[in-house]
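Multiple structures are listed underneath, in structure tokens.
Two complexes come next, and they have one chain in common, subunit A, joined by subunit B in the first and subunit C in the second.
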Partner chain A sequence: MKGCGRTLQRRAAATGGYLWSGWGSLASLCLVMAAWSFAAQTLGPLILPTPLEAFATLMGLFRDGTAWPEIVVTARRAMLGFGMSVVVGSVLGLAAGVSMTAAMMARPVVTLLLGMPPIAWLILALLWFGAGDGTPVFTVFIACFPIIFVGAMQGTRTLDGQLKEVAQVFGLPLWMKLTDVYLPHVVSYLFPAWIAALGMSWKIVVMAELLSTEDGIGAALAVSRSHLDTAASMAWIVALVGMLLAIEYLLLEPVKRRVESWREL
Partner chain B sequence: MAGALIIDRQLRIAALNHRFGYQRVLEAIELQVGAGEAVALVGPSGCGKTTLLNLAAGLLAPWEGRVDNGFVRPTMMFQQPRLLPWKRTLDNIALGLKTQGMSVAERHADATRLALRMGLTADDLDKFPSALSGGMQSRAALARAFAVKPDLLLLDEAFSALDIGLKNELYGMLAAERAGNGSAALMVTHDLMEAVRLADRIVVMTGAPGRIVAEHRIRTPVPERGERWVFTHAAEFMQMPDIRAAFGLPEAR
Partner chain C sequence: MSTRTDHSSRPGASGSALWLCAFRPFFLLTAVHALFAVGYWAGALAGLLPLPDVPGGAIAWHAHELIFGFATASIAGFLLTAIIEFTGAPPVGRKAVTSLLALWFCGRIAYAMAGTIGIGPAALMDVGFLILLVVRIAGPLWRDPSRRHVAFFHVLVALAASHAGFYIALLRQTDAIAWLLLAVGLLMILIIVALSRISMRLVNDVLEAQGGLGAPYLARPPRRNFAIFCIAVYSGAEFVFPGNGAAGWLALAAAAAVFNLLNDWHVGRALFQRWVLIPYVVYWAMALGYVTLGIGLLSGGGLGSAGHHVLLIGALGLSILIVMAVAGRMHSGYGLDHRRWLPVAAAVLLVAGLTRAAAGLPHAGAVHALLLQGAAVLWIVAWSIYLAYSWRVLSGPRPDGGQGCDEPRELS
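On to the complex of A and B.
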């Protein structure tokens, strides 16, 4: 009971601390808004609308029902590509980390994949998949894959030999070796890679949509650009960045804090 | 039957040769550790003491010869505490108990009792190892080793990085826990005082390739060895020609 109470207390303290630290982020967001507002006033509405105009346009888009469908379509493509790269990248990366030969063979391929600009993949994807869901999903997958692959490979390669010896000396059965020694270490490499890839997936999906599809945030951006509608463009960008911030700070960051609480100090 | 069991509980190393690549590191090693006996391996750095200990622990497979470990619950303490950084101290101490399939409540109770006896506080047990001082980490490592009530304890210079006060305290705990469990011990050290204080038998090794050159038995029981006794006997050992030769010291004047 006592231990349980202490755990609860610790959780509550951690959550409170996290929420309190939000004030700092909020303050810096307000500073960005102020800078934006200042720039808008000096440059004029044709070049840069004020934050208020952009938010008002966005609210309008939400109210007349055009915003949600586009966001859902974009999110679906991003998540599909990201999910595929998480599964394939993690599994292959872990496997490559186990074998020295595989790791050495994978290195140049990964360097090549990381160095290849996403726009080049997009062109290839357009040729292979045409207009439609295939192109953005594939581009997101191929851009996220090497990041996750490298994270997973590093995770298994850097498994601490000293801790392996501890596991052997104390006679840990295989499942305990996995859950108590290997996985916590590997996850500490995998998780940051997943987060980096998620951020990447949002940027890539919009770029791909801009050039290849008729729906989604990217396509909406293309339309507002052709109408020279800067307010709508900014509104879509705000929606995009807002989604990214929400996923990062409401979902990933709390999970990361929970998983890696031992890294504090 | 009981007699046969006791005879089986020993570590026997026979005709052991070991090499890393083409480099011979151990040659013609013969060593036995009986139930409840404490044996200290002393020798200069790089003479293969740690390799021999790793062979005894089964972390390495011998190149030639035999290593027969008849002990049921051997455990090992390393030079560094080697706690799992992602587990709280209590769970680290209970690691071996979890292996034995003990329930969470039971193993936590066991580990807590042992840890408090070793000078850790309830607050320490709730922390991750990175939040503990080096001394507290060593206590936790000792507690982790003794939590499984080992019948053989392998120590790889486990106390070499600690200050003399803490060393002294841990020596006392080690002796008490060993007496309580009747555990045998095989310890690697280059600190002659440590060997004189804790061991029933001191085995002297020399390097290139590593081999056993001498063996000394100490008949005074461990609890009766006072500070002064340890000093005088360590000084006596330092004068012995075989020990001077093994460490490459000039002949005593």
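On to the complex of A and C.
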């Protein structure tokens, strides 16, 4: 009971410490806001509204109920494409990493996929799937897939052979080998790849929506651009970046620290 | 923190105890001037005394006397002792100390009489004081092979330049207050530079006393440099674009960067020891001051006075109090003072800062004058407490019969 209380106290302190460390990031963001604000003062509201104007517009969009439906649609598409690339990319990447031959075969394909600009995929997707969810979801999937594939493959390829042998000698059960030997190492490669792919997914989905759909943040951006409404455009961009930052710093980064904590031991 | 000095050549060896170490007269003057400058100001605001008739106006006198009178006296006392200790240089001679004291004192008189005799004599004395101080500390700082403490030189030179700018602005009859606000930023930077050195000793002593150094406290340079950068950028923007809303973001950046500094300070229960808690509150006051300035600029709400007073009374006042309370006693041969007067004086000072800030809020309205007077009284109470408990320490002989600035052998 006492040990449990101490663990809880330690975790609360670690969480508090993590949240407090966010002040540094906040300071950097405020510097960006200042640069934006000075630029806005120089360029004028038609070209660049101030951060406060963009926030006020975003608040207005939330108040009149416009913002949430678009955000939900975009999030659904991004998460669907990202989730598919996580599953397919991780499984295939791990499988490719197990076999030297498979890794050798996969390398040029991955280079090709990484080198292909997402806009080219988007054009193909438009031809294949037309306007609708299929185009942005596929574009996100195909753009994120090689990043995750490479991370998973490298994670498996760099497994410590000696550790494997030690696990073999001690006759560790398969489950224990997976969770205590292989997984911590592989995840330390996979997780940064997932985070990079997540960032990519948000950028790609908006680009795809801008050209192919009638709803979502990308489509809303297209509408605001056609109305020359820079404040609304900036508001949507703020919403997008804000969600990305929230997901990364409040969800992925704490999990990443947790799964990589063994490295500091 | 031991000084490597030759006792036989101490400046105060043949004089009164006041001259045993350079900080002694300066720390006393700091406290006395804190009482005088704010006491007179409160009396003038209450209509009991005439408002100072000086170029730049009465508010310029008030701000100038607290920034370049009160604060610089404490800075001189601190630097003339600390730089010697940090670098192992020989102590500053009595002649240099008396020259500095004379310049500082004549500067106060000359500025108060500037309405009659002109601004020239005050400018000469005040700027001369800071230049002489720079000259005294430059040698030890630059001769030190590691040059680890050269930041003090840079900040002091910038402070001297801003003081010169203040007088030039007065001569040209342009906005002199802007130079004082620039000096506020420089003082905040100086606090960060100085506290990073002092806190390494204080916090680790407390941690050690509490049973070992599991995770020793480190004032990490990247966080410190980031905070200094943000404050410098904000102060620059405030100077070049006064009242510009965009600078509000820079003030908020400075506040966040100061809060970020506190990551180093979360050292468990040691935080609640006065030697750690008071410097910790200094940073909180600094961050709150910049938050107030930031919100004021972004909302156009005119919170400049409130924000600057939180910085000056809260951050600057508290940091001067803790530095003088620790260094003043330790280098007079006494141990750390564990009596209640220090936390009480610190709390009173903090409340004074918050009260003065409240007086600067747009909604203060009818209670504005009451809050102003209340803040002044609290300030006077805090520094009276300091003076009552430190007078004998600073002006009397060392309890160990020693000479100079050496610390007592053991921390008490």
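Just so it is clear, the second predicted complex is superposed on the first by the 253 of 265 C-alpha atoms of A that agree within 3 Å, B and C clash if a C-alpha of one lies under 4 Å from a C-alpha of the other, contacts with A are read in each partner's own complex, and residues count from 1 in each chain.
Keep in mind that, in the parts below, a residue touches a chain if its C-beta (ideal position, glycine included) is under 8 Å from a C-beta of that chain, and two chains touch if they have at least 3 such contacts.
Bear in mind the structure is a predicted one, so any value in this text is a computation, not a measurement.
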Partners on subunit A (subunit B, subunit C) - clash or fit: fit
Touched partner set for A:D180, first subunit B, second subunit C, both or neither: first
Spatial angle subunit C-subunit A-subunit B, Cα centroids [nearest 10 degrees]: 90
Which superposed partner A:S37 touches (first subunit B, second subunit C, both, neither): second
Partner chain in contact with A:L172 - subunit B first, subunit C second, else both or neither: first
First (subunit B), second (subunit C), both or neither touched by A:Q162: first
Which superposed partner A:A131 touches (first subunit B, second subunit C, both, neither): neither
Which superposed partner A:G17 touches (first subunit B, second subunit C, both, neither): second
Which superposed partner A:A120 touches (first subunit B, second subunit C, both, neither): neither
First (subunit B), second (subunit C), both or neither touched by A:L112: neither
Three-chain overlay, closest Cα atoms of subunit B and subunit C, distance in Å: 10
Residues of subunit A contacting subunit B in one complex and subunit C in the other: none
Of all residues in subunit A, those that touch subunit B in their complex: 3, 6, 162-163, 165-166, 168-173, 176, 180-181, 184-185, 188, 261-265
Interface residues, subunit A side, partner subunit C - complex: 16-17, 20-21, 23-24, 26-28, 30-31, 33-34, 37-38, 40-41, 50-52
Subunit A contact footprint on subunit B (complex, rising order): 57-59, 74-76, 78, 80, 82, 84-87, 95-96, 98-99, 108, 126, 128, 130-131, 144, 148, 154
Subunit A-facing residues of subunit C, complex: 223, 226, 230, 233, 237, 244-250, 252-254, 256-257, 259-260, 262-263, 266, 294, 298
